[in-house]
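Both complexes shown next keep chain A, but they swap its partner, so chain B is in the first and chain C is in the second.
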Partner chain A sequence: MGTAIRIDDLWVRYREEEDYAVKGLSLRIDEGEFVILMGPSGCGKTTLCYTIMGIIPRVIKAEVKGSVKVFDLDPLTASPTDLAKYVTIVFQNPEMQLVTTSVYEEVAFPLENFGLPKDEIERRVKEVLEVVGLSGLENRSPASLSGGQKQALAIASVLALRPRVIILDEPTSQLDPQGTKRVTDLILKLRKEFDTTILAVEHRIEWAVEYVDRIVVMNEGRIVLEGDPKEVFSREIRPERAGFRPPQVSEIAYNLMRSGVNLPTIPISLREASSILRGVLDEGAGHSRS
Partner chain B sequence: MKEQAIVEVRDVSYVYPGGVKAIDGVSLSIKPGEFIALLGQNGSGKTTLAKLMNGLLKPTEGTVLIKGRDTRKMTVAECARIVGYVFQNPEHQIFASTIFEEISFGPRNLGIPEEDVKRRVEESLKFVDLKKPLNAFPHLLSVGEKHRVAIASVLAMEPEFLILDEPTTGIDFGRSLQIMRLLQRLRDRGKTVMVITHDLYLAAEFAERIIILKDGTKFADGSAKEIISDKRLLIDAGLSPLQVTLLSEDLKDYGIPTNTIKTMEFVEEFLDILRGGRGSRG
Partner chain C sequence: MSFEYGLYIPGRGVFHRLDPRAKIIWALTVLAFSIYNGNYMMNPIYGGIIYASALLALISSKPTSFWYKLFGGLTAVILFFSLVFWPASAPRGGRPILIIPILGWKYTDLALNLALSKAFLVLSPIIAIAVIFITSRPGDLFQALVRWKLPYRLAYIPILALRFLPTVIVEIKTITDAQKSRALELEKGSIPSRIRKYIAIFVPLMIRMMRSALELGVALDSKGFGVMKTRTFSRELRWRLYDTFMLCMLIAVYIISLIMLTRIPIWW
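Entry: the complex of A and B
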């Protein structure tokens, strides 16, 4: 398995800013890996994603030092068309990327640009609209959709391109649980069928905690915590500081530990929490032994 | 004597120009001092209902009364004096070139004397804890700061009832907590608050009453405890039950009440059982 994204000692500073938004960051993401990037607003997550996409410094001017590689391409110098075959992004605000007059066109348009045959385009549009739950709305204007539907459409139009790396900037921020469930199913399907590498910026983790390979936590331009979900949540995460909330079962466990209850491990899923807490209650003596 | 509702929605339907029926026969009553979370899937009619409640939209059928007056017979400004509405996306609301202009716009429109306007701007900014110069350009603020400017500009109208449309969407969880705590303080000062949200966790931690819309109709309306602990109802409404309620249900044989909806509530129940030996110990 190859490396999909490789970042070495990356520094990024916006033109009018004194401080660097990303400060000497290094990160390697393997092909087919599902990584979630978390951290408070302004920690540099979006800057990092935009640099991987080449949007920085091409569209948004900034000073960039260090190296970024997406497979063999350098996003800082590669042509946008070449880069688009490897990596695409779904923006946090879907309005930023909806450009056409119908749901169907929105998905078909980039495929037409790539010169795909008509029947293949039709097949892919049908497939992705079904996956994101927009079947039947083909003729609606994107502007008339609800916030969540717009986000689903933005995701669909990127998915149809079947890029090798997808960056999702808060894919579930405007989605209800059903929409979130669809995004989860979609991510699992992409990985299984196409070995797609997924880097998602998120504030919410419960939906993904059982599927994500690695969580990378940033603060003030640096990576401050990194590991699989079990490692990341093994020590107390304080939402006010981290910018996100741990799974509720972990939060319960932190508070029980603080009250003197000995738990063998911090649970991250419901199943795990249920079995650990049953153990404590059955034993009936988990309290204040130290 | 029956307390007068701040907003009374009576059998209201709303059809958008173009024919989409967004609200279909909804009735409900908002009492002074309530902290309500309005939930529902995307496209369920939440924003439309909110705009009907503050007179931005007038019902196609039925009646909306604000303190007993029909919104059809009130101007938007008259409605806004009592029911304030904070838009989902602060960018849709912020238009002025300084923070002062932005926040003073509402009260000035109400014909408030300039002296009083200044006081209201200062108090609102203090309340949302935004420490920026009054002449700063609002569009250059961070998303979290813009949210606070948007809330301050509605607060400056000193409405009795505040409706916030997804105030925690798109901002990080630490800031979401800050906003919810701010709303709680407003409620403690006697305001009525309704928050539109997708975040059942925040709804459980902060709201006392939950209203759920589905396909433009009122699907559920009741106390937070009653609604949020009803797993089947939530799933039918397209919402995911909280881990805390699922865990409580899993451990009900040990004596954890199945209507536990808050993290600390669970922790206390659990500790009680451990300490006092309540329930069975297997």
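Entry: the complex of A and C
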């Protein structure tokens, strides 16, 4: 498995800012990996994503030091045409990314921009709409879709270009539980069917904690914690200090452990928490019987 | 008020089925005839034609009452200002038809004709352009402009503006509601103080729009917009016999009325 994103000693400072937004950050994400980037607002998550996308310094002017590689491309110097085939971004508000007036046109739009022939466009649109579960809605207006469907459409529209890396900026922040499930299912499908590398910026983790390969926590422009979810949440994380919430089941476990309940491990999912608590309760019942 | 497709309202009427290029040519014809002002009778008649066209487009679109109110309001405002201001520059003479006692204003038939013709000079092209937007899918309009060799990056600007017009309207409503909930009373106070109060709407709107514009720019960038010199269209516009026939009919209405009007003796 190759490396999808490789960042070495990256420093980014916006124009007219004294302090660096990203400070000597190094990160490696493998091909096909699903990574969630967490941290308080202003910790440099978006700056990092924009740099990977080449938006910094091409669109947003900033001083950039260090090296960034997306496969064998350097986003800092690569042309947007080349870059769009490798890496793309979907923002939290799909409203501003849907630029046409029908589902079909929305998915066809990037393919038309790359001058693909009509037959190829039709084939890819059909394929992508099936993947994201929007088949049959080709003539619907994006405005008439639900929040989850809009986010799926925003992902579909960039997916049509078959990028190898997709950056999702808080993909579920504006969605109800149903919409969140749709996005989760879609991410799993993308990984399974296309081996797509996914980097998601998030404040909430519940929806992905069971599927994510790695969590990277940033603070003040640096990576402060990194590992699989089990590893990251094994030590108590206080939301008011960390700037993000651990899974609520983990928070319950932290509270229980603080009040003297002995748990074998910190659960990260509801399923795991149920089984741990059942064990603790059974053990307690056994003690009281004896 | 629903702006699901921007200003476009789906329908199956005469204008909906017409190629956008034919509609643009028709709108240019309307504009040309509105500017040509050889006979005072002409503009009210062209006004009648344009309203018939607008009604045709609206009936087939089945829009909300918003559009009827918009057209009605626009007509009322432009007619009012034309009737107030244009008679002052009307030629001397003519039959007086209305005298306003206190002000001493005298409206002659010539002044009224001048005011009406100036009103329709403004209204006709506006309504024709509105008919185009109501009955054409933005994507088709975009393609029509590109087919006429307009660079597609340039042609997309008005289409994008149209697409996001409803978003801006929603944003204005959200900000207004938020500010009203913070006790901002837009309806009270003198005109200068009301204008000052609108700054509380305008500033956050501009900030939100600038942020959105950046996101939109990045989104377009990641969709490869502008990376190639030319682009393809998955659904191609096709000029049909129907378009030629309908365009000829629409232009013929103007030409015939022009011929008739120039032969009818001026009645005043």
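The rule is short, and it goes like this: the second predicted complex is superposed on the first by the 246 of 290 C-alpha atoms of A that agree within 3 Å, B and C clash if a C-alpha of one lies under 4 Å from a C-alpha of the other, contacts with A are read in each partner's own complex, and residues count from 1 in each chain.
Convention: a contact is a pair of C-beta atoms (placed from the backbone, for glycine too) under 8 Å apart; a residue touches a chain by one contact, two chains touch by 3 or more.
In this text, all values refer to a predicted model and were calculated from it rather than measured experimentally.
In the superposition on chain A, A:E240 makes contact with chain B only, while chain C stays out of contact range. In the superposed pair of complexes, A:I89 makes contact with chain C only, with no contact to chain B. Judged by the touch definition given at the top, the superposed model places A:T81 against chain C, while chain B stays out of reach. In the overlay built on the shared chain, the residue A:L111 is in contact with chain C alone; chain B does not reach it. Contacts of A:L188 after superposition: neither chain B nor chain C is touched.
In the superposition on chain A, A:Q248 makes contact with chain B only, while chain C stays out of contact range. In the superposition on chain A, A:P40 makes contact with chain B only, not with chain C.
In the superposition on chain A, contact of A:M257 is made with neither chain B nor chain C. Where the contact sets of chain A with chain B and with chain C meet, they give residues 93, 144.
Interface of chain A with chain C (complex): residues 50, 53, 55, 59-60, 79-81, 84, 88-89, 91, 93, 95-97, 99-102, 104-105, 108-118, 121-122, 125, 141, 143-144, 157-158, 161. Contacts from chain A toward chain B in the complex involve residues 39-42, 92-93, 144, 146-149, 170, 173-181, 203-204, 206, 239-245, 247-249, 251-252, 255-256, 259, 261, 270, 273-274, 277-278, 280-282, 284, 286-287.
Across the interface of their complex, chain A is touched by residues 3-6, 8, 137-139, 160, 163, 166-167, 212, 214-228, 230-236 of chain C.
Partner chain A is touched in their complex by these residues of chain B: 18, 40-43, 88, 142-144, 169-175, 177-178, 198, 201, 238-240, 242-244, 246-247, 250-251, 254, 263-264, 266-267, 270-271, 273-275, 277, 281-282.
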